[in-house]
Amino acid sequence: MSSHNLDVYMPILILIGIGIALVFGAILFGKLIRPHNPSRLKEQAYECGEDPVGVAWSNFNVRFYVVSLIFIIFDVESALMFPVASVFKKFNEIGRGGIILCTFIVFVMILVSGVIYCWRKGDLDWVKSFHLNLDESSEKNTQEAS
Amino acid sequence: MFDSVLFLLSAILIVVGSLGVLFIKENIMHACVALLTALFGVAGAYAVLGADFLAATQLVVYVGGVVILMLFAVMLTGGGAANENKFGIEKIPAMGNVKTYIIAGVNVLVISLVVIKIMANVMQDYKAVALPAYESTVEKLGTLLVTDHVLAFEVSSILLLGALVGAAVIARPIGSTK
Amino acid sequence: MNSMYPFLFLSFFMFVIGLGVMIARKNIIAMLLGIELILNASALNFVTYTRFVNQNLDGHIMSLFIIIIAAAEAAVGLAIVIRFFQVRESIHIDDAAQLQA
Amino acid sequence: MDYTITTVAWIVLLPFFAFVINAFIVKKVPNVAVGISCAAIFGSFLLSGRIFFDFVFGKYSADYHVHKVFNWFDLNGGGQEFVMKMGIYIDNMTAMMLFMVTGVAFLIHIFSTYYMKEDTRYGRFFVYMSLFTSAMLGLVLSDNLISFFIFWELMGFCSYSLIGFYYEKEDAGNANIKAFMTTRIGDVFFLLGILAIYFQVGSFTFVDIYAAISSGMFTDATVTIFGFGLPLALIASLAIFMGTIGKSAQFPLQVWLPDAMMGPTPCSALIHAATMVAAGVYLSLRMFPLYEIHPFMLPFIATIGGITALGAATIALVQTDFKAVLAYSTISQLGYMVLGVGVGAYNAAFMHLITHAIFKACLFLAAGSVIHSLHDHHTHQHVQEMPRMGGLKNKMKFTWFAMWCCTFAIAGVPFFSGFVSKDRILGDALVMAMHNPYYWFPATLGFIGALLTAFYMCRMMFLAFHGEPRDKDLYDHIHEEKFSWNRNLPLLILALFTLGVWFSGSLTGQKLVKVASDKVEWFDTLIVKPKTENFKNYQKQNWGPVDIKSTISFPVSKYDSNHGLSEEEAHHVHSVHSIGAIASIIIAFSGIFIAFMMYIRKSWNPGWWVNTFSTWYRALQNKYYFDDMYIKGIIQKGLIPVNNFLAWVDMGIYDKYAIDGWEKVNRCAFTVSKWFDNIFVDTIAVDGTGASVRAFNVILRTFQSGKIQFYIIMIILVLSSYIWSLA
Amino acid sequence: MNEGLISFLSQFDGHKAFVKMISDFAGTDATSTISFFIYLAACLAVVGVMATIGGLGTYAERKISADLQARQGPNRVGPFGLLQMLADGVKMILKEDIIPSAADKPMFIMAPMLCIVGVFGSLAVVPFSSGFILSDLNVGVFYLLGISSLVGVGIFIGGYSSNSKWSMLGGMRGASQIISYEIPVTLSIIAIVVLSGGMSFGTLIGGQGGFPHEWYILHNPFTFIAFFVYFIGALAETNRAPFDLPEAESELVSGYHTEYTGMRFAFFALAEYIEVFVVCGVAAALFFGGWKVPFDLGTGEAFSALPPIIAKNIGQILQLGSFFTKTLLLYYVVIWIRWTLPRLRVDQLMTLCWKYLTPIALFNLIMIAVWAYAFDGKSMFELFTAMGSGSTGGH
């Protein structure tokens, strides 16, 4: 058994090592020569000169999550599609391209239907809630008027 | 030799990361980063095992996908802030207390005994065989996915569809039930 | 690496830690992290056996699908957590002991 | 062409996919749904056309067939082997059926785009039609009884939906329930028959059944019912024939088919011609070798067929509803097919199935064309009653022409297809009668029925299209028929195929008599009874999991034109055929003549007949009181009294004596036990139990905590101990 | 299975002899050790070049923007202001390092490191030339997608850990933007993988030729669209204008690195500039023939008069020149776009990604698969030439 083939992972490790070393090294080196005069005002978070109110870690809009959700589904899908895509040419050359094409298209289409669902339901609209509030308030107004 | 180095690095990452997930109490964000470390280690272990495609998949799916999803979810559930909600309950719970850790330890001990008992048999039965050389698995995986495992391939897309639709429905903001 | 035991022990370690997280932690998201660890441990086990025992790629396929299922599980699980948080303003696991909001 | 399951299955799958897609999009875009349905059925038509021409003009002999199987599921385990195989079975009969079904269904689809255009549920109709056609095609392609039965039931469901298409009408709702329940009676027996065959053969596949028949597995087998040893072949074939009776509306389960015209007319065309009722006859043809085994079976089938043929024809005499006449004529013609099966005229029965499908489809579409034009402006409904028609010939030429072609075909006029097929059945019935005098009975019924058929069809034509318009107001509102592709083209194409030349293969007519007597046409060389001995080798053949090509080579066989007789006898037999043909011609023309005299010349007064045979007339108008009999007789006189009796037994005997009597005994025992009760039971047992339950409750309640992590711990502990015990 | 720098070097006799000598000397197989040192040297060289390019990027950006806006730009430090980047570097190092007191300190330190690691890790597979590619992994482009998504995590954590509202918003936006635009990018890359039949950059570039009509961008109409989808997505992934919402000055002060100062900020900036180079390089490799040189000059066979080692190296240099030319031209286009187009609104950003680019990319993917199936993977020009020769009966 030869482990030499694993050597190709070496540059990755080396580069990651260089990256880490660079970050720490530069900061350590800088420590020697740069000034260090902390004060309360400096260490405050920047909020246009005002004192920050509360912490920044508050609840965020859930649409960020929906976007990342669709993303992860596609990400996983791409993990499945990459090997199939890389044998596509080979299959095509031995004359079985039709089958792999059908498999591929069916696979994609099923996921496209999911995206279409999200699209139709408005999960992809960034300003949807705004519209909704508008609708609701206008409805309320008309009801009150009548 | 390099394979041992790679394995050791991965093992260290896995061990440190796993322990981090278990014991980092103050901030769930840090636990997520610890999980990221462990998953990186798993990718390295895959590389040592000759599963090049799986290693890359591990990176793409976990690093790019799951961890970011987790981070977003943490932010959406109040982030690291420790304040109380309207019921007077802690909004973000303590990450476990001594009692739970003791129970978990006992359970881990039990399951370890069981697993070690199984593994003892495996070790006795296992005969070392000649290991294959490292070679590309991508084409083989692709071929398997469209021949032997084509049903699983298609069904997995349906699974993903279900996950997408279900999660989108669940996570949809309250009040937008159009 | 010529032996499968290091990998098996590594996977076993991850599994046990994941189990511990599932039991000990009270934060639902932390429990999901534990589930990820458990799933990764099993996937690693599959790949180990593929390399050292049967040497066809079915184990890789299995691991691939485990990764997929882990991703889907994370997506849906976290969506449930977020919804739960919207309703109860808490992600403590013991607050989820009732079957009603 | 290399037939594999994947290539052939598209015939079924195209309409099925059309159904699936349309089911989702039909509400939004009905026109697209219609287009998809028509395109899908056209695709199926092309595919089956390929198969048809391959088989019919190809290199294959009559015995050639393609049989491909795959393992559907595999329940091997516990020492028992059960592998459910599915597959396709294509022989000449299948090929022709496929071509006929897809062709007719396609034309009906085209016509429906005209007929259903203004309907509110325009698109949904096509959804059902696609599923219906797909089910029929699946049934035709089935290689085993289980998938056959699945598609059979699927068709039952579709007919239910289509008959009840106008579910706002109460009649339609009743009619679809009636159709569904009536056919269900036959289906139950059919399923029992399938099981009976399976227990003897160990397989559902047709070729296995044929192989079992040829190896004599059915000859001496008996089945014990209530202590009587009955021959299995008789029981199985009777049960399976019950399926045909239900589906093909044979006596005595014919009652559903006339009501089935509650649905839209194109769907009636589909049910009456290509799909639903044809399936029953198709089943009989497929299982023909089984029917042959027991000597009782074929005469029985012939009798059922004959009775149905004549009975339905007589009822049709007095109907005034346009579609009702056609409905009864369908039952009558199905009776002829079953009669054909019963007299062993295998290929003639199949040919009549095909020809009837074509001309009946045409008739129903023409009826639809007529009814669609007759719009009553007062009630805003379409008119179906013949007394309000008359003289329509001038207004709708194309419909008139197509309908006459079909009338000639069904009446058995020479040069038309009905003559070729129906009269061959009658001829074979005569031949059988020569050998076995019993057959004179069904044969006679058949001939009288043929006379009546010619009469009532011409009566319908004369009443509707000729003479003076009887409802002037209605007549004036009819628009002049202009040629339109989706209204008239299907009619004309179908009318073209009512010519006998397509089936007899002779254009000149010099074989006019020989057509019915000599067996040289292409049809007969291709359609022969399945020779079960050919399938003997199948028994031991090892099928692979997927797609094993049939490796058995079949000898080229010629049609056995001599009925297995010697030359001398055969000559005699052929002369009988000629007699039959000539008799048929005479009968057909006399029927037409009588109708002509009654309704055109008005020389003979139909009223006289009505008055003279008033009892019969009322019987016919009430359809021989079959519906009444089923409702009043079986349900009211039979089931309800039985129910009442059981209720009486319950109330009068059990309640009165057993229960009330016990009450007295109990009262005595009560006083004794009360004392015992208070001391022992109450204090010790009940209170003690309560206390102990409460004590356990405290323990058990902790398990149902709702805390997930506790559950996880429990799962782990239990699982660990289980694995520990295994390892 | 995997090729790379070492397999290129091991063609030469000198390398083999050297390995043998060291092995004999050490008494063990020293191949891996030598490989390690070669890789270390090469990696340091690459990082050095990249850091320079990153620094020059800031300079080029200012100079080009000045040019576009008819200004002078930096012109004081050194000739044409070329040493401006050194001045910037010195300034960065000398700046005070401030960590806000409310910040999440370990995360605050870790965030720039994650960005740098993600970008440096992706350098391992960038194909500078047929020989000088650090490691031509057989899952190359897929690996690149995976490792570069660390940048997203870094940006998110940077935004989170600062505990400032600006940073938090910027980090959330940045992360969601990066992951959103990864979808069209990935789908476009899959489309190219379908055509070339492999994920390693060697295979991807090997399927193309030196001339424009042999490049994948002109392979068929759909790859032409795919390039633009990829390029727009890559711009958004690197947070470049017009997609620089995470650091939009006018609304978010400075986005996720509001609270970062000195070197820590410099690393974010460096990561961004190197990532732009990497995505441009990938675009050049996927769509513009990468290191391919016209007339196959890159293989060195044209110089067969020279000794093979020199001929090969001349070829390599030509290849390097080809790759860098294409990449830097794309780099220029990126800067050009930044100073030409206005910034998008956040809802327009998401709409562009999910409602335009993703459907287009999916459609492209399917159509390219159909094309590959229908025409046996032939390009348009091959089809035209086949049509021309088809009239004479050839096939």
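Side notes on the structure shown:
Residue numbering begins at 1 within each chain, and the chains themselves are lettered A, B, C, D and E in the order written.
By our rule, a contact is a pair of C-beta atoms (placed from the backbone, for glycine too) under 8 Å apart; a residue touches a chain by one contact, two chains touch by 3 or more.
Quantities reported herein were computed from a predicted structural model and do not represent experimental measurements.
Think of each touching pair as a link: the shortest run of links from chain A to chain C has 1 of them. Distance between Cα centroids is largest for the pairing of chain D with E. Contact tally for A-E versus A-B: the pair with more C-beta pairs in contact is A-E.
Chain A and chain D have Cα centroids separated by 59 Å. Centres computed as Cα averages put chain C at a distance of 56 Å from chain D. Between chain B and chain C, the centres computed from C-alpha atoms are 5 Å apart. Put simply, the C-alpha centre of chain C and that of chain E have 33 angstrom between them. Within chain B, contacts with two or more other chains are made by residues 1-3, 48, 53, 57-58, 60-61, 64-66, 68-69, 72-73, 75-80, 100, 103, 107, 111, 131, 134, 138, 141, 145, 156, 160, 163-164, 167-168, 171. Within chain A, contacts with two or more other chains are made by residues 1, 3, 5, 7, 9-10, 55, 57, 60, 62, 64-65, 68-73, 75-76, 78-80, 82, 85-87, 90, 115.
Contacts with at least two other chains are made by residues 2, 19, 23, 26, 64, 67-68, 71-72, 74-75, 78-79, 82, 86, 93 of chain C.
Under the contact rule defined at the top, the touching pairs of chains are A-B, A-C, A-E, B-C, B-D, B-E, C-D. Per the touch definition, chain D reaches chain C in the complex via residues 705-709, 712-713, 716.
Taken in their complex, chain B has these residues touching chain D: 100, 103, 107, 110-111, 113-114, 117-118, 121. The touching residues of chain B, counted against chain A in their complex, run 1-3, 6, 9, 47-48, 53, 57, 60-61, 64-66, 68-69, 72-73, 75-81, 130-131, 133-134, 138-139, 141-143, 145-146, 150, 153-154, 156-158, 160-161, 163-165, 167-168, 171-173, 175-176, 178. Chain A contributes residues 1-3, 5-7, 9-10, 13, 55, 57-66, 68-73, 75-80, 82-87, 90-91, 99-100, 103, 106-107, 110-111, 113-115, 117-118, 121-123, 128-129, 132 to its touches with chain B in the complex. Of all the residues in chain B, the ones that touch chain E in their complex are 1-2, 27, 29-30, 33, 36, 52-53, 55-60, 63-65, 67-68, 71-72, 75, 79-80, 134-136, 138.
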